[in-house]
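So that you can tell them apart, the chains are marked A, B, C and D in the order they are listed, and the count of residues begins at 1 in each.
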Amino acid sequence: MNFASDNWAGATPEVMAALARANDGAAPAYGNDALSERVTGLFSEVFERDVEVWFTATGTASNSLSLAGLSKPGGIVFCAKDAHIQSDESGATEFQSGGMKLIDVTSPLGKMEAGTLAAALDKHPDGGRSVPVALSLTNATEWGTTYAAAEVAELAAIARARGMAVHMDGARFGNAVAATGATPAELTWKSGVDFLSFGGTKNGCWAAEAIVVFTPGILPDLSQRRQRAGHTFSKARFVAAQFEAYLTAGNWLAWARHANTRAEQLRSGLRGNRPARLGWENGANEVFAVLGKDAIARARAAGATLYEWPADGVHVGEHEELVRLVTSWATSEGEVARFLEIVRG
Amino acid sequence: MNFASDNWAGATPEVMAALARANDGAAPAYGNDALSERVTGLFSEVFERDVEVWFTATGTASNSLSLAGLSKPGGIVFCAKDAHIQSDESGATEFQSGGMKLIDVTSPLGKMEAGTLAAALDKHPDGGRSVPVALSLTNATEWGTTYAAAEVAELAAIARARGMAVHMDGARFGNAVAATGATPAELTWKSGVDFLSFGGTKNGCWAAEAIVVFTPGILPDLSQRRQRAGHTFSKARFVAAQFEAYLTAGNWLAWARHANTRAEQLRSGLRGNRPARLGWENGANEVFAVLGKDAIARARAAGATLYEWPADGVHVGEHEELVRLVTSWATSEGEVARFLEIVRG
Amino acid sequence: MNFASDNWAGATPEVMAALARANDGAAPAYGNDALSERVTGLFSEVFERDVEVWFTATGTASNSLSLAGLSKPGGIVFCAKDAHIQSDESGATEFQSGGMKLIDVTSPLGKMEAGTLAAALDKHPDGGRSVPVALSLTNATEWGTTYAAAEVAELAAIARARGMAVHMDGARFGNAVAATGATPAELTWKSGVDFLSFGGTKNGCWAAEAIVVFTPGILPDLSQRRQRAGHTFSKARFVAAQFEAYLTAGNWLAWARHANTRAEQLRSGLRGNRPARLGWENGANEVFAVLGKDAIARARAAGATLYEWPADGVHVGEHEELVRLVTSWATSEGEVARFLEIVRG
Amino acid sequence: MNFASDNWAGATPEVMAALARANDGAAPAYGNDALSERVTGLFSEVFERDVEVWFTATGTASNSLSLAGLSKPGGIVFCAKDAHIQSDESGATEFQSGGMKLIDVTSPLGKMEAGTLAAALDKHPDGGRSVPVALSLTNATEWGTTYAAAEVAELAAIARARGMAVHMDGARFGNAVAATGATPAELTWKSGVDFLSFGGTKNGCWAAEAIVVFTPGILPDLSQRRQRAGHTFSKARFVAAQFEAYLTAGNWLAWARHANTRAEQLRSGLRGNRPARLGWENGANEVFAVLGKDAIARARAAGATLYEWPADGVHVGEHEELVRLVTSWATSEGEVARFLEIVRG
């Protein structure tokens, strides 16, 4: 009953098998091998256009290295208030970019709204001491909600009208695609996204993260930038192999759908189960629920892992807590059922 | 016949087996799992003292993040002229440290000498605009040579007398231990090394690199620094598993000895084989040889991979090239024999 | 009728005279001259304790270089929402510190409140990915308001309880001292301030800014840090001379009192003069007023300079604007009277 | 008898008078005043073309901010071995550029040679991990020597052929112009220099330094970059006034010629005066001489200031020292005569 995080799960059997297959003989280092090239082709298929693909070690690396490629003195990146780049990366983007500033945009349930973004941009007119350079959207968000393609497009258009680039943090991009039913292309470049932090790690890989660039030339020095940051794996085929398994035959979406389905199983079980209840509704693989402290204690005693979460604006009684429950490719229907039963008391 | 680099080899069967074993169920993320803790114990055994261990994605990350922990305005790191941190990392240490300067010390055959180091330090007296903060030694060096423990100790003492810390770049540390016969402890903290970039990738792992800290407290903020650099793997057990295989039962030294032995087989075969000859003598797993251009062409036609190398100070005739030949855990006796035969013509 | 900014004024006759006096013969460079030493003594007298004094070119330099001395990976500086370091310095502190993050604290009329600060700190518990390192308070604030010594002490105590350092941006420190009646010592180190950006430029100097350090050793590497930032004037006596004139015989406070008095003349003239009215009450040398657009036009036609200002929360009618009026050592009683008359219509 | 440095001198009477003139009434801040605009026109006249002019506080600021405008990951700046940017600025360029690397080029008597530069560039071929971005030449050099226009052109052409920009550190540009007889235009943009650190401080100003940009658009973000670095003076007219005095009626060249002449008086007096002798010949306002220790002691006892200097390659006897003697606009013929007499013994 791991609901602590999707990054507590291991790798899928398909990923392990691909790693074993890739481990055959010598291959050129630094991504110049045949498998890495083949995987770039798979990315282009998935996104229905030619893309550039740059492996990195982590999502934090993908976010900060790509945004840093836009760095300007006085540069500002706008992001949702609880964006990972703002709250969980120890200032990675500020650091990699040599001091860009992140500005929070109030984002109910993790989703930025057009009017709020426009108002935030208005405070930084052209020609001033600060220079808006990028909008960063997270899909699926840290609140388990998702942006539909039209929502991405609306926000991206506002940013682009100001000459800004648009980044998407897709640590859980598979879950967003699975939840929205949109195509990867629709959620990204067709809606104005210039580059994407594409995450495989939370969805069945060991460590498979990549920067996917849709707009040619927008990040011109990624090769040296990545090298300088220590993110150029010499035996890059071990990442390529994971992505090969991930992107082949729609595996990534199947795994994401599985995780989302288990989350819906959780939500469904909690909806009608007062006093337990959902903190809010969402569609990806994170569930936020208000549980009794006794129920949480029982679940933990039975071996469940889960985290308390800050209850921003959600009513939580004295004997309750808001908790986050994350499902993954490895979560089984039985686990969820057992957890719901324990919580029910 | 891969002699291009030891990072062209894949992972050993032991590493693959350990990865498969580690892939069992959920485990806490970010290195808080039991296996990561066990592996720290293995490192402490290998080095005969309690050590701190910080996994990173690459050797460049280990070098630059650890040295950056000493950063001061005006700070200087002294290194050998051809050190990887100076020549191959796109300014990683300058970047991660927020602008420290690397100063080359002339180092014949890749090895720094006490007098030269002392003279270089004399140019930066205390109280000046530059502040010597660290000495970085590479063992085994980029020239395939190695420092004996006493040599490390002599250089480290000079640095420490100036209040500097001592770093060792051990991307090929296993090969240095195997070549010198010294213990890991003797080559490092017993000789005054404060922290080590310990590499497993070139010697049979996929991506297993770590900063090993011997001097408690010398790098106080590595946790946030690594996070900020995007080098904190969430599924850290996939690195831990590799190191488990690596450090168990002396595997790492067995693999390094194997690579060194294959290199010695190469050297031995080239020594008596005019016109082919060694560029210089050394003991680790890199061989530098002057070969005829026709011999090189024959080897490549037969599938061998190898690199031409800058012939700093070595006599190379008109129809010859200096080449670098690197062996690894995966190099077989037969491969070497075949290569020698081809070269012989 | 310059009400655009106090930095539109020139230098006082006393400053010009001191510059002329200092321009006599050769003197050691980089602040090693006798005058620079004497001026440090003047600072120590003003603050009633031994202080370190570091000249810089601008207030932005003082703020960012001093805060950068506390830099840690994941480090956070807390400041008021409209603090100069957050809104007007093009990311100077983020840059000089190698990527620290500034976090806004909602601060009505520019003043931070204890409860809001405490709540903001609670979101960054010890041991997390972010590390609160400093609180930065501005006195006088960007809203023309001032912190009393007890208010500084209360906020500083909250920060110090978390191990944070306390910085004060004193670009208009003279105006704050003059407005509050507190001593320089009471407003700073006696209330828990560790270091101060002490500004002379806005109050009668050409370019006289300094970092004044109260807590010995808290910013250990300022000498090299300032040099590296290009802020170590070679002919430092030209700054020292300005400060000599400034700090001698209480000149600085006389000039600040003059500016504050002229501001009070403005406020007093606007209070009873509907439809013109004050945006809010304050005591330093900035006045915020709601004026009719026609009145503003008349004033400008008569040669007055002044800026429209964002009207955060102030009611402004359709034919009105919120404007900022800044007075300085050079503002005359007659100028203010004339302006009031013009506005009155 | 100040021979310690030209930055020990004060400001010329003309500079003081211009400051007094400029101190009249209010003027827009941040360089938007009429005087600053007029001064830009003077620069354009001096350089016989439209130029951009950015004031900064120091030569270190000019060097590092301008070079940082070219920053790329893996970027390298090539400079002479003893260049100020390499030896005296505490890593300013590395810092401001976010980690660029400076690479020394061996430069006899401070002057880079075409062959050596070409060889240094060859080690960094296109497409590698390091990216040559700029050549930085100093004129006059730290050895008191000067580059003729043709020499600048030859070196610049080599750099430009590699797509690099060309920077000139002109902390003593006036002395170089005076010594070579070339025009300012010939020594800079007509010879391929893209931007210049133009120094007035060492040649009669208090603090008057500027980045002069010849190639439009090459440093696109200097406005925010300078602001972020704390180098945008609010009362910019105090710098403008100094430059007005400096550039009017050829004052700057008259002052530089004066200093050079005094240096030649020194050289001439030392040439025929064994055992005293010149370390090497040069033409600008720095003289390097081998003096007896007793002569040095006598000079100091009589109030002379001068520095011992590292005697790179110059023969210095047991009872001798190599010293540096710097003359300035304020050095009188009598001072030099007296010094020579004392040294003569």
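Things to note:
Basically, contacts are C-beta pairs under 8 Å (C-beta built on N, C-alpha and C of every residue); 3 or more make two chains touch, one makes a residue touch a chain.
In this text the structure is predicted, and so the values were computed from the model without any measurement.
Repeated interface: B-D and one of A-B, A-D or A-C share more than half of their contact pairs by residue number, and that pair is A-C.
More C-beta pairs touch across one of C-D and B-C than the other; that pair is C-D. Chain centres here are Cα means. That of chain B falls 51 Å from that of chain C. Between the Cα centres of chain A and chain C there is a gap of 42 Å.
As a whole-number value, the distance joining the C-alpha centres of chain C and chain D reads 34 Å.
Each of the following residues of chain B touches two or more other chains: 73-74, 89-91, 95, 98-99, 129-130, 224-225, 227-228. Touching chain D in their complex are the following residues of chain C: 2, 4-5, 7-11, 16, 19-20, 22-29, 56-65, 89-92, 95, 201-202, 206-207, 224-225, 227-235, 237-238, 305, 330.
In the complex of the two chains, the chain A residues touching chain C come out as 73-76, 88-91, 94-102, 123, 129-130, 310. Those residues of chain A lying in contact with chain D across their complex are 71-74, 98-99, 129-131, 221, 224-225, 227-228.
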